[in-house]
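Here the structure comes first, spelled out in structure tokens, and everything after it is commentary.
By written order: A, B, C and D. Residues from 1 in each chain.
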Amino acid sequence: MSKTRVGIINVTGYAGSELARILHRHPDVEIAQVTGRSAAGKQLSEVFPHLLDADMEISPSLDDSVDFVFSALPHAASAEALSPFIEEDVRCVDISADFRLKDVNVFETWYKTAHPCPEYIENAVYGLPELHREDVKRSRLIANPGCYPTGTILGLAPAFDADIVETDVISDSKSGVSGAGRKGDVLYNFNEINDSMSAYGLSGHRHMPEMSQELSNLSRHGEVKVTFVPHLAPMTRGILGTHYATLTNGISQQETTDLYREFYADEPFVRVVGSAPSTKETWGSNHILINVNVDAYSGRLIVVTALDNLVKGAAGAGVQNMNLMLGLPEATGLEGLAIYP
Amino acid sequence: MSKTRVGIINVTGYAGSELARILHRHPDVEIAQVTGRSAAGKQLSEVFPHLLDADMEISPSLDDSVDFVFSALPHAASAEALSPFIEEDVRCVDISADFRLKDVNVFETWYKTAHPCPEYIENAVYGLPELHREDVKRSRLIANPGCYPTGTILGLAPAFDADIVETDVISDSKSGVSGAGRKGDVLYNFNEINDSMSAYGLSGHRHMPEMSQELSNLSRHGEVKVTFVPHLAPMTRGILGTHYATLTNGISQQETTDLYREFYADEPFVRVVGSAPSTKETWGSNHILINVNVDAYSGRLIVVTALDNLVKGAAGAGVQNMNLMLGLPEATGLEGLAIYP
Amino acid sequence: MSKTRVGIINVTGYAGSELARILHRHPDVEIAQVTGRSAAGKQLSEVFPHLLDADMEISPSLDDSVDFVFSALPHAASAEALSPFIEEDVRCVDISADFRLKDVNVFETWYKTAHPCPEYIENAVYGLPELHREDVKRSRLIANPGCYPTGTILGLAPAFDADIVETDVISDSKSGVSGAGRKGDVLYNFNEINDSMSAYGLSGHRHMPEMSQELSNLSRHGEVKVTFVPHLAPMTRGILGTHYATLTNGISQQETTDLYREFYADEPFVRVVGSAPSTKETWGSNHILINVNVDAYSGRLIVVTALDNLVKGAAGAGVQNMNLMLGLPEATGLEGLAIYP
Amino acid sequence: MSKTRVGIINVTGYAGSELARILHRHPDVEIAQVTGRSAAGKQLSEVFPHLLDADMEISPSLDDSVDFVFSALPHAASAEALSPFIEEDVRCVDISADFRLKDVNVFETWYKTAHPCPEYIENAVYGLPELHREDVKRSRLIANPGCYPTGTILGLAPAFDADIVETDVISDSKSGVSGAGRKGDVLYNFNEINDSMSAYGLSGHRHMPEMSQELSNLSRHGEVKVTFVPHLAPMTRGILGTHYATLTNGISQQETTDLYREFYADEPFVRVVGSAPSTKETWGSNHILINVNVDAYSGRLIVVTALDNLVKGAAGAGVQNMNLMLGLPEATGLEGLAIYP
């Protein structure tokens, strides 16, 4: 069987280079072309020495020799770059936010820009296989979930599915700095970040509407309101999410854990674990670890989630979606365990 | 005026050595004696090379030549070691938890040990000058607050004082690893902690009852329930606390900030800041930074606090209390700005 | 073809768990048994949650059902545990230092213990395939090189082979903390290590005689003296070695680089790179990056090497050796690119 | 006595803000004005929240109301900005490199720019009090030493003074990232630096000629050649220097340590310590720690130095020089012990 020829638009960010790393070891696809804006003409290994064995020239743009496209461009630019491929019915995974929100007005409010091609939103599938596997398989255009929403949605989905919590929830999430991208900005200078924690986005963060959209779909009581506070932690990879919801009944710790275990029983990349996970346990792997706690004193459900924001939160999820779209075993190329310590 | 002769019991932990660092530059006291269990007989600079200019021999115990005692021993051991000094009416600051909880049963439940001298609890003052300044001045025995409670109580006190929030609150706190002490334990080995976030204490943490005790004192609606989830962040110092409370009325962002600013108007070490602080901005200083946010969408108050757990969260607060007890200007020896970056 | 049944003695350290991680994805072997001293009876995933998909019970010892043995025990204990397998002619890779030094007196001087089975030293092969590939293929007992020596020997081997440097060299090496093992020791407590650099072993480090032994074999002018100063860097993985040697002739930068490139032309895991590497570029991969500099001003050769101490410096090299011993393609199971950033 | 009115040019970098932090607690001077290029008009606390208690408006430039000037501008810009003050005979400390090298040609070769005012070089004093104290006292213009040279020169000066080493030495130095300044450059992005070590400047670094100039002054055998390789370590502050020199005679460990102790016997900020120091032991303090080792096997002297690059390596040394120039006790305002851990 000939390998699927994959193109990566904007390989020069962290999500793009992570796609290259993962796909390099994927047995059923080959990386046919990669693009990068300012880096066009350079070798991939000049920008990313760790990709030395996956070396190739960076192109200014993809041509029509590719069978499958990933875009790791920022929002708006991404939809624009994908447009011609969508038009030609080439299967696409968009790592950006452009096709995640079903309501284009919500997108335009939060992202403060006009959507370049709202006509494609309807057919895009929100690429969380744990919730939309069959749709992903049939889709030609995947909106890959945001890194924070992946943790929050998977952390709370079983609770909304089982109708055990109220619709007003809190996501206190702590992210590694790679989530902010590969930027030359004094805000992300090592000295400013190292050995320090901070909150941000207190007046609203763009990932919140995604969380609300997906959890509301599962809710039997209308819109789910998410109070979402992201934090910057002095680490490169990883998102630890601590989620607080009010239980609507006296469900026990054991029942809740069982309910979660059952919900995710057949999932290749979700593990409901018995003690609080650390993000390091997911470094470089496509797993999400979920730990469920019932606090009887306050009547709260506290769910802790850990994942690698560049893998399950971006490139790994993208490859998982690609596998489903191509009819391949879902875990192909994603078998690697986390690098620890 | 002759200098007050201070003794430090258990100088060999992080709170103890931080006391030595701060007191070394204090103009009105001298460090007369320091003790350390296994290190007795050694020079202080053998254990802590950074204290080279404050060198002295570590004693097995304090003698009666000291006028003022700090204990940085673990709970139970601390009360026991302080007993003879309390008995002799020597002024004491206990960095441990032994005298913080007014109800000895609550202490014994959470700390799983008999209290060595419950008879002294009544006269002990919870050493948060921002709430109990006059009592601190008159006290002979100070229960220095826990590091986490300092952030949570100061972060929420103005809201309870102004009666603008419900009594059920959440403290999602992220601490540097020095909070766990100077331990040889694989759990705190660099490799296990570095580049990783984790939650812990999900089944209950000892600092919660302190928070509840102090906030309940301020509440006009009875007991304050605190859902407290501590987290370990890959940094040495600092606690960032993110606190969530439900507003009981439609108070605005500006009104809330004003209310906080007024509450802390004369405080030498509390700053209500206009944007979310980072813990690094408090490294080595006795300040706590507080940022107040009203989330109109969810009707929540979100308060972010940042402090250095070894200074305002331990040794610095201890010196602040000592200054008040000795009738000195409250900020003496604590004028240093944070070391940044 | 049935898979080779591999046993790992002492899986509970960092080298042992790294072996499990790598072998889990190796297509031609299966992990048949793993041992751990205090952890016997536990599941592997209890000790290492990141190995959840490679779960199995930890045994007190290996039985005779294994076809191939890795030992990741400390020195002396390792040789003792391997003895019965060596006796039975089971192929073994010893990650410890027990069989590295050909002169048992040198071993006993540096390791301050009697060697448990010096009779096996003669047949052991120093497992650096780049220098001893054919011997490795034929060997039944491999002494896997130390992490520091791997960088220093590979960094200087081409220079000694080409006879361009004097025999008195310096290795200034900076290691991540995982090199010190998974220990509960206050020296390696996060707080003590974080944000700090230090030198150690200034009165002599055990890895020096290995460097000297292997480089002396290549030297045409007798014994190579290595001044080796190891340093602890505040990072988990990686060794950066900076090596200084005096050039014996006026060889140019280009000639030296060419000479290195030729020496390593067919090596699957050695890359001679054109600019100074960072250790992060090797995180989790079996590659070593080598950068060669001729300093005409001082007449010195300066060679910078970067590798992952747990992969090319321990477990990865072990698997590379295993592949050669089993007649498999040398890179099997080691194809993963580094995880960056 | 009225306080000296100090101006800081370019307070918005790390050296500038560190000057503000230290001078804020200095009893004999007041910070009269501070400048910053793009930040003019802002409050100091907007740029640096940790300076909240030292708040003032940032000016576009200093006026003539200041009695003493520090410049923390980059080279060339610094000399240009200082020119009018030098002209008016206002005492100046230049943190930049502009007046460090006595030979303007050497400056122009290494810094690749014309010197804006070479006429002032002759009267400038290289501000290392340990070597030039009396000249510093009399000087009106101090060239504050570079951060790396401070460690290397102080680490090797006693050996050259005592004539025990050959003139060809190696400085392998590892610096925290604050040495690279407060920059928005992807090279210093947290993700790129964190958990990684790298060498740089392998084709020559600007700090080398300073080292050579000062050590050559002490040498009795002509020019000292320094092979200097700087490294970037994943930490914010600190420089650990490991220095290698060839001993010319059979001097013992004890004799060498004694010689160093005697050389620095009266120095307030130099400590010759008995074991290898870590940079963390100097965090925020003006001390340099020096550890001396004689390696009899190789006949080498190995000197390890540790200092805080922003204090003894920049702002602290500047204040030490200022104290001498103003006739104040040398340690005024610099009494703080290191913040540890």
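Just so we're on the same page, a residue touches a chain if its C-beta (ideal position, glycine included) is under 8 Å from a C-beta of that chain, and two chains touch if they have at least 3 such contacts.
No experiment lies behind these values; they were computed from the predicted model shown.
Asks: Any chance you could check whether A-B or A-D wins on number of contacting C-beta pairs?
Replies: A-B
Asks: Please indicate which chain is farthest from subunit C, where distance is taken between mean Cα coordinates of the chains.
Replies: Here the answer is chain B, farthest from subunit C.
Asks: Mind checking the centre-to-centre distance between subunit B and subunit D? Centres are C-alpha means, answer in whole Å.
Replies: 36
Asks: Between subunit A and subunit B, tell me the centre distance in angstrom, where each centre is the average of that chain's C-alpha atoms.
Replies: Here the centre of subunit B sits 39 Å away from the centre of subunit A.
Asks: Based only on mean CA positions, could you tell me how far subunit A sits from subunit D in angstrom?
Replies: 46
Asks: What residues in subunit D touch two or more of the other chains?
Replies: 14, 178, 182, 191-192, 194-195, 234-237, 277, 280, 283, 341
Asks: For the complex, which residues does subunit C have touching subunit D?
Replies: 168, 170, 172, 174, 176, 191-192, 194-200, 202-203, 225, 227, 229, 231, 233-238, 240, 242, 244, 276-280, 283, 291, 293, 295, 297-298, 300, 302, 304, 306, 341
Asks: Per the contact definition, I'd like the list of subunit C residues that touch subunit A in the complex.
Replies: Interface residues on the subunit C side: 14, 17, 21, 24-25, 48-54, 178, 182, 194-195, 236-237, 271, 273, 277-278, 280-285, 287, 289, 335-341.
Asks: If you look only at subunit C, which of its residues touch subunit B in the complex?
Replies: Those residues of subunit C that touch subunit B are 14, 177-178, 182-195, 234-236.
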